[in-house]
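Letters A, B, C and D mark the chains as written, and numbering starts fresh at 1 in each.
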């Protein structure tokens, strides 16, 4: 496990305890204390140099959840070591870097006969997303025509910008929408609006409203609201010729209290996507055990999402015009 | 009651039976049989000439639900007779005609000291819309930022066109959105998409996706799907700085049958808006009894909606560009 | 209108403004100020003696919403004056009194050829109850087997007792359950439990749990919780051989705020049953205009509910044993 | 893994693939083909004699999901071999047998210093049940007063009887209700009703309605409907002094199709409780790894549930009278 921050600690715990077939051997973090804290709790070794971990012969596969900017170099090191790597999204912070990883992996595939890079677009393993995709693939809703997506956070991470809102948050939908509807993104549009006056959003166009057109012709829309305040929520409705399908957000119980009948929103993404993260890891581990193709998003998927994100950023800087995604 | 079609028959029954303070005196329809059928059932007189009804001294007020194209002439006749008139939407099929009615009414107001025209934008009396507007006005959601609207019909009326979808259907939202958010429409955009292959939609861009920007800066979106097939549905969510509010569609009961837990959609707008139609009539009748201002949409509101509709049609013919609403 | 308390004021406003075919002529209340306040607002005359109102030749029909204990005498006066009367529930506070009214009405029926007494079991006009009954009558759920009912108030009325909880509150279900399922009550059981420690419930077994067996064999259960605190709620699920049907409580809008997605409970029965009260009055007025049988609960229905309530009180005093309803 | 039927195959797959820390070593089933089919798919050894498996030194712990009647003997064998055992519910088909296992385990505890038996009441690991119990323990609903439970299956297993409906199905609630509310069952009542005419229910009182009184005074009710036909559903609402909490059944997506807005019911318990089964196994495995007390239901819990079930059967044969649970 490379990275012992919030996501890294979660992945580490899952690898050590909640999925079958894996042993957490080592945790790397530049912050030695953080690495030790996570590793000792889970019976693993701690190091500060991720390359030491990656190159360790006793380690079969690597999960990367360190800072986004470190992803390309670390993934390259995994390729050099011929080790399967699960890299948290985004695969890289620019499409150019993502493309170099795709190309580097291709050389490895030619040599090893199998690909090595998987990208952590965990919505592909969320039970709701999986069920919605199943119904679409089965034709139960007829041909899809529209998709309405909503992504709300309680508050933006410190330092968030209009660009990072796209490259770091909306990138989930830039992967999940074409995956759900089995059609790549052709053009995107970032529509100006008015921002919330929440302090955390100073300088941000938040919420942002985006349009995403797929090759199939489906028009997808996305409200991305980083400082929504009231709760974490990921919603999606697909409108087909025969009917619509909509994600139901998980909730164990509803309550009647204080004149309200309610279900609660989680404060962040971890409870919302806990099942997705575990199932993703489990599916990846099993593919490694069985020597089959990783069922996760590939490096090419990561590149495609980055290309769509860059087109969205261009649209933003260009008054919201529909902007082609580069090939 | 002028017009004894589907809406006219509903209004007539409400006037005769379900609201207080009114007596249904006369039903006019160019189809004498239809007029008679409705009138005799409800103890009223039937005529074929609407002007005969409007000019009858025994009649205090007029409801118009005849063909859209007849609205301007009949409303003018009501103004000439100094009679309050509830005209079904649209007030007129063009903004120019609507403007002439507004101007004609102004002359009457100068003379009588009160306005006469009310327009049947009944959503203003739908309990859900009223509740949502109340919470917004009370600031419970914080400053509004976005609105997501959906309007689905089972199938389009015969002869529907892309233009009539706007001027006849979307016109409801072109009135209700600015009313809900207390801010007029400044510009609109009609976004091209792919149409359903439903036969009834031949030649139509159906569903249509529209964007509506209010003077306050709120960006409102609207999916209008005339041939949605699966049910009649009017949805709306307003996103504010503190939280969101969403219409709940009325349903008396839910059922667990055949592996499904469900509520039913109505087949058309009448069950969905039955309460709104009755409450609108009741509020109008009461304002007539008490000599107070009509609480319904005014001729100016009708004109504003028509101007927004015409801007939307221009956007449609112009590739979807944001288009200013004429003053 | 006899009685100008909370219910009387509501009925008076509906009669004057919100239903067709009626004119509010007179409001009677022993509290002259209260009578005047309601009457003057609605353009009616005020009196303190209800008999003066009932015997007034200018008055065609009477609505009674005065104190429960006054119902029998006032209904008798209406019978003596041969006037249709809508009496709020309960028809009488004992089954004996209710029986005397049924018998007195029978004499009138023999003479006039029509009945005069209607009892205000308004749930028969609640859209949800009507829809659920329709689906049952249509056989959509198969033969009914069980019914689960819940009736929750925010807080009990001052002076509430275990007996009044049955004769005044549960009496709604003692009418609505057999009406929904079209089968009379045969036996009832009041099951002891533990009471809430809410101060308002001192001395009360609150909540109370009751079982009601119909002649058809259906077992109905009822949780009656007068001091539930969190909101006013009336729930009901009928379990049939093929599926179940459940009331959906009306709500205009749902909200996402403060980590919750919620709909609100009303504070009392008036918002919950506003439509039911209006529709009941409207249906009654129309039956008077058309000379048809009142569609409301009859005096016999009122008697049947009182007999079931008395059996429930006997069960309560008898440790909860199933107790036959007297014929 | 002892037993390779439906539940055994599920457990085996979870042990081999979906939980951390376990290796599926061996599958035993009297049907050699069935054992082989499950074992070979999952890389384990197959045997026909469960005792061979239990006594195998290479096996650290045993899961039993063979026929109910075999549980006591196999659990005894595990005790004899000093091996931790997860026994599917019921621990035994009679309370006497369960008691003998409790006593046998006590002797082992005296010797080894730790208990060995865990019982598969998986609802204790269902996210909804866990969340509801958390809110109750935190006092969010105030002191609990009532509990309404519903358990519906699509159709009864072949050979179901009124007794087995209690000892095999309702036994889940006879464990989960006292666990949720942290108070043991004192007395129970089985209330006669009318049965469905479904063929599969011939000779059964189905649905059955039961009442369960806890030592705390809480009255819990249970509708158990084995042949409900319309879907598998487990519902539960706890009514407290301040408010109520209710399970939300998991659903990934909702659909709008054919005039209905719906979520689907599963056909049986496996999708409904898939998370519960996995989390139960995971928690058990982890307690074995860490040498901590099993977080699952204990043999004593299994005995308590059996005692409550036997009291319920006595109530059933005794006209439904409240019947004390034996100590």
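As a convention for this text, a residue touches a chain if its C-beta (ideal position, glycine included) is under 8 Å from a C-beta of that chain, and two chains touch if they have at least 3 such contacts.
Note that the structure is a prediction, hence the values are computed from the model and not measured.
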item	value
Comparison of A-D and C-D (more C-beta pairs in contact)	A-D
Far-end chain from subunit B, centres as C-alpha averages	D
Inter-centroid spacing, subunit C versus subunit A (mean Cα positions, whole Å)	56
Whole-Å separation of chain centres (CA-atom averages), subunit A against subunit D	37
Where subunit C and subunit D are represented by their mean Cα positions, the distance between them in whole Å	43
Residue list for subunit C, restricted to those that touch at least two other chains	230, 242-244, 256-258, 263
In the complex with subunit C, residue positions of subunit A that touch it	230-231, 233, 256-265, 267
Complex contacts: residues of subunit D adjacent to subunit C	142-143, 145-146, 148, 150, 191, 193-198, 207, 209, 211, 216-219, 221, 223, 225, 228-230, 239, 241-244
Of subunit A, residues touching subunit D in the complex	15-22, 126-132, 135, 140-141, 242-248, 250-258, 263, 275, 282, 286
